[in-house]
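Which chain is which? They are A, B and C, in the order written, and residues in each are numbered from 1.
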Amino acid sequence: MSAVIDQANKGGFRAWLNKRLPVDQFIEDQLTGYYAPKNFNIWYFFGSLALLVFVMQIVTGIFVTMHFKPGEATAWDSVQYMVREVPYMWLIQPMHAVGASFFFIVVYLHMARAMLYGSYKAPRELLWIIGMVIYLALMAEAFMGYVLPNGNMSYWGAQVIINLFGTIPGIGEALVEWIRGDYGIGDATLTRFFSLHVIAVPFLLALLIALHLVALRQTGSNNPDGIEIKERLGGDGKPVDGIPFHPYYTLKDIVGVGLFLTLFAIVVFFVPTFGGLFMEAPNFEPANPSSTPEHIAPVWYFTPYYAILRAVPDQKIGALLMALSIAAFLFLPWLDRAKNKSIRYRGWASKILLGTFFVTFLVLMWLGLKPADGIYVLLARIFTALYFAFFILLFFVSKADGNGPVPDRVTYHAH
Amino acid sequence: MPTKFTTVFGVFALLIGAGVVHASEGGHAGWEREAGNQVTNIASLQRGARNFMAYCSGCHSLRFIRYSRVAADLKITDELRDQYLVKPGAKFTDYIHSSMPPADAAEWFGKAPPDLSLVARSRSPDWIFNFLTTFYADPSNRQTGVNNLALPGTAMPHVLANLQGVNNATWTNEEHEGPGGNAVATKAFAKFEPGVSGSMTAEQYDIFVRDTVNFLDYVGDPTQVERQGLGIWVVLFLLMFTGIAYMLKTEYWKDVH
Amino acid sequence: MSDHAADDTVPEVDESRRKFLIAATAGTGAVGAILTAVPFVASWKPSESARAAGLPTEVDLSKLEPGQMATVFWRKKQVYVVRRTPEMLASLGGHDGELKDAPSEESEQPEYTKNPARALRPDVFVAIGTCTHLGCLPKTRFTPGDATLSADWPGGFFCPCHGSKFDLAGRVFQGSPASVNLVIPPYSFDGENRLIVGVDPAQQGAA
């Protein structure tokens, strides 16, 4: 504390500033004085990377919005005009499109970390739930962003997804028309999606992310061993297994940023469509209400849920299962009844269960990209069953399997 | 620590590799060939531009690119540009429009010939190459007299017939199980036989089509070469930055035990 | 497991190496940030269609009567084209003392218009119709002795916004808020009756 005051007394601009804004106090509280577990591994990069991608999407989005003209008559042409005729937009617009996919890569790895180390368990349940709300908002944001250019996949993808709301009993039909603002996907839909995508949801995302960080600060970070470092304090009142966030994790995160940007640059500059996964081929044609693309598939980050939707031959039940498959994540803090947080201190049953879930998620993702015929139908049904089985079995396996001894101190190897 | 790192990094690299492989997947049916075009080959692009304007622009527009842009990127002089590219009545800064009014085209062909600015991205250069090389005589089509392997039932006539000639297709009969369990007879394409000959040999025609496809590849993504060139520097810079940042991080982490 | 015992042999912290690495990282990062900003900033430059629209503007002079002015657009700016009569040309001499910059030293015009008439051809006056004070459109006051101005007004332009006055060669009068003469764009003639705004006479023929 006195170090802070000494700084202020050193005079000059720093002192002037600190009398008016709690700059040094903030640095002390949130950076140099905030202790995080010292055993973070590679899974712990993805939170800061998610924040980085959020900022990148905002900045590239600001510039794309300068040239994009929303609406049925102008959207498609404005994208072509911008990437061909406005200086450097041939780079900035693909950064935005590829950035959306990278956002989901990072977020899925971030969520996987939480599942590996039990970061959703008490006292971090609310942190997890806020994260899930961020995930939902992100899915809405990405969906609307994809519809905006009014390509053929934008149109038909919007058709399919909006029609899903029609499966809700009673209000379904009216709801679909209300969302569209017209009898079919058209100008009204595109312009309202533009407003939501550019202002409303990013604003909401920013607030949610801030809330997410406050919730994290409140409980402190979990770690790969799943033990609470605040339970073992040293003579200085700081956790013995903790290290100040600054400089250790600020510097480590910078390396993560460098590596991430390198991979991002490789994709943006050399394979921006990523084989049609990041920018789908049918979307290089303008929207055509008379011509459906050969395979309607959402972008890869939605396809696990799409596979679940199609697995069931009944539209209403399929839609319900799809909604449940996303909602199921919200219940993880209470489904998981183990004493130990981390997968490291659970038995083989838990390890197999979680490993199977990760593989199931990836297989469903692959299946959602495939046409819904032949062997794929059977596979989708099997893996949908496995997906839900995870959540049900977790309730029982976690109670039996994760109660052994945990170490007093974190596992750390110098690096 | 290193093993986990390499695992996740390796998985990510594998995924990128899978994406690249997925991107280059092709040749499903036996007759499908690869275009083999190179967008860095300026001479080929120039020939392709000339080919397009001479043979395609009568019906197909390239409405998102200007003559001036094509000339600048392909290093075509002003004189050659005005002689071979710019249509009569158009300014050299205009977008490339087709000569045929779309409404008339829709009436004559049943469907307006589509704009081709992005066909290389919505289909692929390989697809276009196959489309232009797999026309064959089909008397059952009373309007055009031809059909096409890449786009069966296409309304487009074989515009390049005087160059390629018109091939005949031979078929083999196949039987396989239909949806009801009964035997269904289908035809499978066997090979092309020369029919009416054109002014070019098959090799010459392939080069002609390859150049034109190359041009369309460029039109679909005019900055791809510039993008890749810049990309090398960006990736090198980022690797250097990551290396320096890593040294800084390691230095400070010596404190942590 | 990990080493928790108090370590007596903590290695010395190499402060100079740390300073160097911080500087190297920060320096490289700063360079990277600036280079990243380049495409974003450059995207504000005029687009290809702006440049295409900014092509030379052609004016048909055959309908322009002596004493009349035509306005055309070139690069989103108004251009005044005046067919000057011999009387208008004569009025250009005789008030050099009342001008801020009679020889047009400070103003912007092509070399071939740096003459008393400020024109390539004396009978056709071409200038950007933007007041050099704050950018309003100057109005025409071609009549000598115009009642709204003064008895010895030789004819020229009057800007309604803040009262700047220019003569029939666009030269600014003393007492005007504007400080330089009207800007003259590049232009040339193709034959007797075709004016091309935006192309110097030397460049004619090249597109």
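Here is the rule we go by: contacts are C-beta pairs under 8 Å (C-beta built on N, C-alpha and C of every residue); 3 or more make two chains touch, one makes a residue touch a chain.
These figures come from a predicted structure and were not determined experimentally.
Engineer: So, comparing C-alpha centroids, which chain is the farthest one from chain A?
Structural biologist: Measuring from the centre of chain A, the most distant chain centre belongs to C.
Engineer: I need the chain pair with the most C-beta contacts, please.
Structural biologist: Summing C-beta contacts for every pairing gives the maximum at A-B.
Engineer: In angstrom, rounded to a whole number, how far apart do the mean CA points of chain A and chain C lie?
Structural biologist: Spacing between the chain centres: roughly 50 Å.
Engineer: From the C-alpha centre of chain B to that of chain C, how far is it in Å?
Structural biologist: 45
Engineer: Determine the centre-to-centre distance between chain A and chain B, using the mean Cα coordinates as centres, and give it in whole Å.
Structural biologist: 35
Engineer: Do you know which chain A residues sit against two or more other chains?
Structural biologist: 81, 84, 91, 254, 412-413
Engineer: Multi-chain contacts in chain C: which residues touch at least two other chains?
Structural biologist: In chain C, residues 2, 25, 29, 48 touch at least two other chains, as defined above.
Engineer: Show the residues in chain B shared as contacts by 2 or more other chains, in ascending order.
Structural biologist: Expected reply: 69, 238, 241, 245, 248, 252, 255, 257.
Engineer: Can you name the residues of chain C that touch chain A in the complex?
Structural biologist: Going by the criterion above, the answer is residues 1-2, 4, 25, 29, 38-40, 42-43, 45, 47-49.
Engineer: For the complex, which residues does chain B have touching chain C?
Structural biologist: Contact set of chain B toward chain C: 66, 68-69, 78, 91-93, 237-238, 240-241, 244-245, 247-248, 251-252, 254-255, 257.
Engineer: What residues on chain C touch chain B, complex-wise?
Structural biologist: So the residues of chain C touching chain B come out as 2-3, 7, 11, 13-14, 17-18, 21-22, 24-25, 28-29, 32, 35, 48, 52, 55, 206-207.
Engineer: Using the touch definition from the top, list the residues of chain B that touch chain A in their complex.
Structural biologist: On the chain B side, the touching residues are 1, 4-5, 8-9, 12, 16, 19-25, 64-65, 69, 117-118, 121-124, 220, 222-223, 226-228, 230-232, 234-235, 238-239, 241-242, 245-246, 248-250, 252-253, 255-257.
Engineer: For the complex, which residues does chain A have touching chain C?
Structural biologist: Residue positions touching the partner: 59, 63, 66, 81, 84-89, 91-92, 240, 254, 407, 409-413.
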